[in-house]
Structure formats: C-alpha cells, structure tokens
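Labels for the chains are A, B, C, D, E and F, by order of writing; each one numbers its residues from 1.
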Amino acid sequence: MERERYFEDYVEGESRQSFGRTITEADIVIHAGHSGDFFPHHMDAEWCATQPFGQRIAHGTMTFAIGIGLTATEINPRAFTYGYERLRFPAPVHAGDTIRTTVTIGALSDDPKRPAYGRVTEICETTNQKGQTVMYCEHILLAERREAAR
Amino acid sequence: MERERYFEDYVEGESRQSFGRTITEADIVIHAGHSGDFFPHHMDAEWCATQPFGQRIAHGTMTFAIGIGLTATEINPRAFTYGYERLRFPAPVHAGDTIRTTVTIGALSDDPKRPAYGRVTEICETTNQKGQTVMYCEHILLAERREAAR
Amino acid sequence: MERERYFEDYVEGESRQSFGRTITEADIVIHAGHSGDFFPHHMDAEWCATQPFGQRIAHGTMTFAIGIGLTATEINPRAFTYGYERLRFPAPVHAGDTIRTTVTIGALSDDPKRPAYGRVTEICETTNQKGQTVMYCEHILLAERREAAR
Amino acid sequence: MERERYFEDYVEGESRQSFGRTITEADIVIHAGHSGDFFPHHMDAEWCATQPFGQRIAHGTMTFAIGIGLTATEINPRAFTYGYERLRFPAPVHAGDTIRTTVTIGALSDDPKRPAYGRVTEICETTNQKGQTVMYCEHILLAERREAAR
Amino acid sequence: MERERYFEDYVEGESRQSFGRTITEADIVIHAGHSGDFFPHHMDAEWCATQPFGQRIAHGTMTFAIGIGLTATEINPRAFTYGYERLRFPAPVHAGDTIRTTVTIGALSDDPKRPAYGRVTEICETTNQKGQTVMYCEHILLAERREAAR
Amino acid sequence: MERERYFEDYVEGESRQSFGRTITEADIVIHAGHSGDFFPHHMDAEWCATQPFGQRIAHGTMTFAIGIGLTATEINPRAFTYGYERLRFPAPVHAGDTIRTTVTIGALSDDPKRPAYGRVTEICETTNQKGQTVMYCEHILLAERREAAR
C-alpha cells in the first residue's frame, strides 16, 4: 500500500506493529545459502550443543533482513532510507521462535545538508514470543518537507 | 577456517578483502522471498523504468547480508559481534554488479562494562566493479583480552 | 494489514489493484523446483524455440500463485476462501513480463448451506505490461453476515 | 515421458495416481517467499495456536501447485490446458502431511468453438495420508481429434 | 513411474534420453547457496572475464546433480545405486546452455560379493545444445536376479 | 582464500577437515527442487516408513554436492579438477545428521598426457556424527609442476 507522508506528517511516539513470523530451520538454511555464511554457529547442531548457547542461532544479518522485511507493508513516496544506526542483537533467534517488529517514530530533526528534507528516526524493535528483544536498530529516513514541495 | 585472535592481536589499519560476487536478478528474487519485501523498487522493472534510478535496485538488507556474508571466511573463537554502526548504502546495487568487501581494523578501545574484553571496530566497505561504495558499516566486535584469559 | 469486513460491507463493482511484479527466469526455475514440474515448455529454451510459442512459458500454477499472492496485502478476519472458479490463462507469461492483479467485487449472493455467511465473488484479473490478461479467475469468499454476528 | 493421445484415446473413468510427497515446513516457507503471501495463517505458529485450526496451514495456491505438479510426469503433445474449474480445498494441509493426486478422466465433450478439438475433463483429487481430500479441481484439456489431424 | 526390472531384463546397448533443461544463472546461484561453494569461478563475472574461460561456469557438482536428476523419471524397485565411476566434466556449462542426458546400458557383470544381484553399468552422458559432452560418468547399479527372487 | 600450491608442494598423507553441517529437511526439499528428483525415497515419509530404511534419505547427488562443497574454502590457482573416481555412499544421510568432510592427499603421480602437470588424488571422506562414512570419493586434480612453470 502506498501512503504519502511528508516530514510534517510524522508524529513522535507514533507506533505500528508488524504481523508475526515464525523463524524456521528452512530460513536459516536459506539465509546461509543466500549470504554465503555457513559458520557452524548457524549450521552445525552437534557443535552448537557443546557451546553455551546450546543450539543453532539465526544469522544477525537474517534477523535484520526479516525483522525489517516484516515492516515493508507501506510505501511512502516522499521518503527514502538514509541508513541505520545502533544495530544490535540483544538475544539470539532460534528456529521455532516467532518474531514481530514494532516501529516507533523517534526523533524528528533537521538535515544539515538537505534543507528540503527532514530526518525521521524510526526505532525498530524486533521481539520474540517471550517478549525479548532480538533486534534493535534505528532506521533513518529522509522525508520531504511539505513546504519544500510547494 | 578458525583463526584465534585476542584483542591484543588486532592491529589498527590491517585490512583484508573478500572475493567478488556478481549480484544477480535471482538474488533479488530470493531476497524478496526471504525478507518478504516485494516493494516495486526491487520487483517491478516497468515502474522502475519511470523512476530516476531507472532499474530495479537490490534491497539494502540484501546488500548488507551479502556484503557481510562475503567476509565470513574466518572464525575467531575469541570474539563475538556486539553490533553494527553507521550502516549506509551510498550507491545502489543492480543485477549484474559485482561486489566485494574490504574489512579494515579501525579503532581499538576499552569496553566500559566488560574489562575482560576490548572493543574492535571493523570498517566494512563493499564496493562494486566501478569502485563505488555500495555499503558502509562499522562492525563492532568484543574480543577477549589475552591477559584476562590467563 | 487487517481490515474487518462483513458481508454487508462488500460493494459490487469495488476494485483494488496490486503492485506490479516482474516475472523472472529465476521465478520459473524456483517454481519448477517447488512444484516438481520440469516440462520442457518451462525449462528447455532450445525446444521452445522450435515451437509456435517460441520461448519458455511460466507454469499456469505459478501465474496463479503469484497472481493471487500479489493481492495478499489485507486480511479480513470475517471471511475465508471457499474456492476458485473458471481459472484461465488467456495469454502466456514469459520471463521479463511485469504482471499485476486487479480484484473487483462481482456477485454477492446467499450461501444456501450457511445462512450466517454470504458469498462474495472476487473477480481476479492478472494483466501484463501490454494490458493483456494472463490469468483470470473468480475467487469465492464466504463472509460473515453482520446480523449473524450480533 | 511423452505419450501421444488424441481425443479419441481418452476413456472416461480411466485413472492414474501420482507418487506421494510429504509437505514440509520448508515448502511453506518457500511458497510464502515465491508467492509473496506471508499471512499469519501460514507463517505465525504462535497466532495459529490461538485459532480453531491450531497450527500453520499450507497456502491453497501451494496445495494446487504441488497437487498438480505431482501429476506432471507425462506430456501429451496433442493436448493443452484450457483451464481449471471448481478448485476447492476441503481440508487443510499441514507440514508433515503426505499428499498424492489421483487423476480420473471425467466428461469427454465437444468444444463448441474448436471442431478440431475435444474437451477432456480430468478430475484431480489430492488426498492426504488419512485419505482426506485436501484439493479438488477439474482440469479442462483440449485434445486434438485424430480425424482432424488426418 | 515404477518399472520393475530384474538383472536379466537389462540389455546391453539399450539407451534412453532425458528431456532437455536450460541451465540458468539462477541455477548457479541456487547451487552455490546449496553447496556452500562460492568460488569466483562460479560467482564473479568480472574476474571470470579476465580468465581463459571468459565467463562464469557451473559447478561440477551441479552438472552432476542436474545431469543425473534429469534421468530420475523411472524407479526400478529391484535395483539400487552402488556408486559412480569415472565422473568427468569434459566441457564447461554456462548459464544459457541446454543440457540433456543419455543413459546407455553398458557392461552387465556378476557381483563378486552378492550372488543374488548382478551389476549393471549405466553410462550417463550429458550433452549441451552443441552436442558437446559436459558430463560423463558410469552409474553402477546392483539389480536383483530373477532367479534369486524365486 | 587463495593458496598457491604446485604439484611439488602436495605431500602424501596430508589431511584437512571441514566444518560440520547439519543436513535438514529443507536441504532435501531444496535438492529435490534443484535436481528435479522427487523420488519417494527422498520425499514421501509415509512410504519410507514401510521400507527397510524407515525414513527419507538424502539424494546421493546432494551428499556429494554438500560433501564436496564443505571443502571449498581454499582455491589453488595452480590446479584444476580432472574428475572423480569411486564415488560411494556407504551409509544413508537423514535430516538431522551432521556431516563433515576430511580430505587426505593420496597418490601423487605423473599425468601421461600432460608433462607440465602432476596428478593429485584427494581422498574425500564425508562422515556423520556417529563417525560412519556417508560419502567416499577420490577427487583427481591436475596440478602444475613448479619446474614447468619456470
């Protein structure tokens, strides 16, 4: 769905939540094959069983790709991604966990170099079925100012 | 390959470069299916042809997953990922581009909360065949201190 | 997105259109592998070049799966699929074609066996970049009646 | 395998049965990624556990694609698909179910618009390991008449 | 299809040919991800362009898997695979090549250790659209003797 | 990683071992779709339960592709694959098994037709978590002679 929003339309504290998605062993296999990262932490159940974490863990890059992908339901033609800050994986994701992502509008600020745009920080927090945060990051958008578009 | 390195073994400025990998239309299709992000920027060639960028662009989450995946050739059992900072996508990736990642050891610093570890910043820069940077981020590792391991 | 709609909320003639999606050679390969149908019509470019249709064609089951998948953006918790009627593939889909699906509310009728539900016919028409219809079907939903829900 | 059959060669009531195939969680993940349908009915084990159906269910489009794909073992160069009628999913498919498809020749009739062809209705019934029907449809073929081919 | 054949039913020189299949860039990407082999010979178009072979080449393990997979149309419940001999890849496979496999019954011999079985050598030869052999191997089957089954 | 080795650098008896990888149901599904081999031995859990082997078994072509893929960590620009001999699958691989491959340098011999190369036999043995050999083959390399390179 397309939903046009100018910088002025973003409201600090506004929040939306994605659907849930159960991460499967198939996802881990597919991500290894997609990224080329076959490290035993993700792929070798026998070795993992000898480690403190006990079982195979999802790649951080996958938790990021799926965690952000879950939020891809709404296109704003007035904004584009500038980057991500403070990407963290506070708890591991295992096959069988169900994750969902909450996006909350954080800081709204000027962009020093681009006066026609404002900077929107979307706080993305992916949690599992126990309520633990498995991924945190700040998605920085640049959104067109309505005044500039006139 | 496993290569054991303590915090003391990291040398600022040291650098390694990955193999190259040509990004294909298949990769974009696979990533859409893996992440669930089917936005027309990645999937609709007709619509893209009407936009300034002209053709389908790879998902940022994919450039990150593959860009980092390219570096996954060497395991250091004395270090683990703390997170990523300043993730940026300065230029788009299109099907047919060939990318590779250079990892350079940046700042080495104390970790305020974990005296047994030091903080290693790996600067990850993914470039395409024209030498343009398509992904930049700082990978923060926590590496065990040799003295602490004694 | 969830959007609750009772039978009484459907309006004949109402219409929505999906995003577009470019079908790729990768999609055909993935569908062959998923369905197990490796017939030369889909897989053998050399043989296809000797046939009237000239080039590999997408599986009908794939055009259906993706054509319907494109409409999966909105969940109505008050309705469920009863089935599909009159599934047709009037024109072939080739790698490189961009398709999108228009869903139009057709007939609204009683369901003889289920008085608490009404029957909604969604006319699904998938077209390519030339405006040709590549898939047509009628999706039959059973939607709860508001009066019955009271 | 190729097996040439003209319209006159089809015998009402003739039947063939496919091999069996166990549907896996991987199939559901692959189909979500292929079709773009990530609805929680298929993807969110936690939510499904709160619903009457209790667990993730395969997409109807997947049961159709695999149910029909199972029959793709024999090519008849004298026939082509006209379409499908009465596609139904009487019982759900879950990961772990084993399905197979029986194809029975139903009605043989004239095609009003194409005198050189006859219309063959193949009744496709996909059943699970408990003998329940999980997919039913009528596949309409147009088969060349031998007399017309002379 | 199942086709029961005892050792005595195999005839030296008998031959069957598979359908053709066009190898795609997607197949190479999928095989890299499945096998974990991301060597630049298969993945880096830029580097390949500097090499004598000029372009990306399919993995030998893929040519084997698909070349043999093409022959998997007929199950003989009286035989099982003992192994493969003399596996060779005389010419490279590139994306866009169309391959097919011819299986010819070669030597029929006693199995020294298993008197109830005979040893069947199937000569598997995979060729491309130019008639070049891209894969050669000898598939050794052990087939039950009819006399032993009495 | 690239590691240049001339024929003279290979030492009989030298050995290296790959990381481990747990084979999953997803791998079997992906390999069926990649190779086109959907035989019930790999795909039909119900039928397998009636057979002596009791459960679905991995395709031999997959055990080979992954078994060899596990060793693809080091490129020698002075050698290329000539072929494989004596490929055997002494024990079956099931979903849940963890495999790893040991490569041991076997015979080093002259190549009758190519005086500038020597022939290196790498003995590849893939074992499961119980130490059983699930794949054995001899990988024949042709490695440039240092003297010839002068």
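By our rule, a residue touches a chain if its C-beta (ideal position, glycine included) is under 8 Å from a C-beta of that chain, and two chains touch if they have at least 3 such contacts.
If you want to know which protein each chain is, UniProt gives these names: A, B, C, D, E, F = Dehydratase.
Being a predicted model, the structure only gives us computed values, none of them experimental.
By the document's definition of touch, common neighbours of chain C and chain D comprise A, B, E, F. A count of contacting C-beta pairs for B-C and for E-F identifies E-F as the more extensively joined pair.
Mean C-alpha positions place chain D and chain E at a centre distance of 30 Å. With centres taken as mean Cα positions, chain E sits 38 Å from chain B. If each chain is reduced to the centroid of its CA atoms, chain A and chain E end up 44 Å from each other. Shown for chain B are the residues in touch with two or more other chains, namely 21, 24-27, 29-30, 33-34, 36, 38-40. Contact topology of the protein chains: fully connected, every pair of chains touching.
Across the complex, chain D meets chain B through its residues 30, 32-34, 36, 38. Residues of chain C that touch chain E in their complex: 24-26, 29-30, 33, 38-40, 43-47, 56. Across the complex, chain E is touched by residues 21, 27, 30-31, 34-40, 59-62, 64-66, 68-70, 72, 75, 81-89 of chain F. Interface residues of chain F facing chain A in the complex, by the touch rule stated above, are 19-22, 24-27, 29-30, 96, 98, 129. Residues 1, 73 of chain D are the ones touching chain E in the complex.
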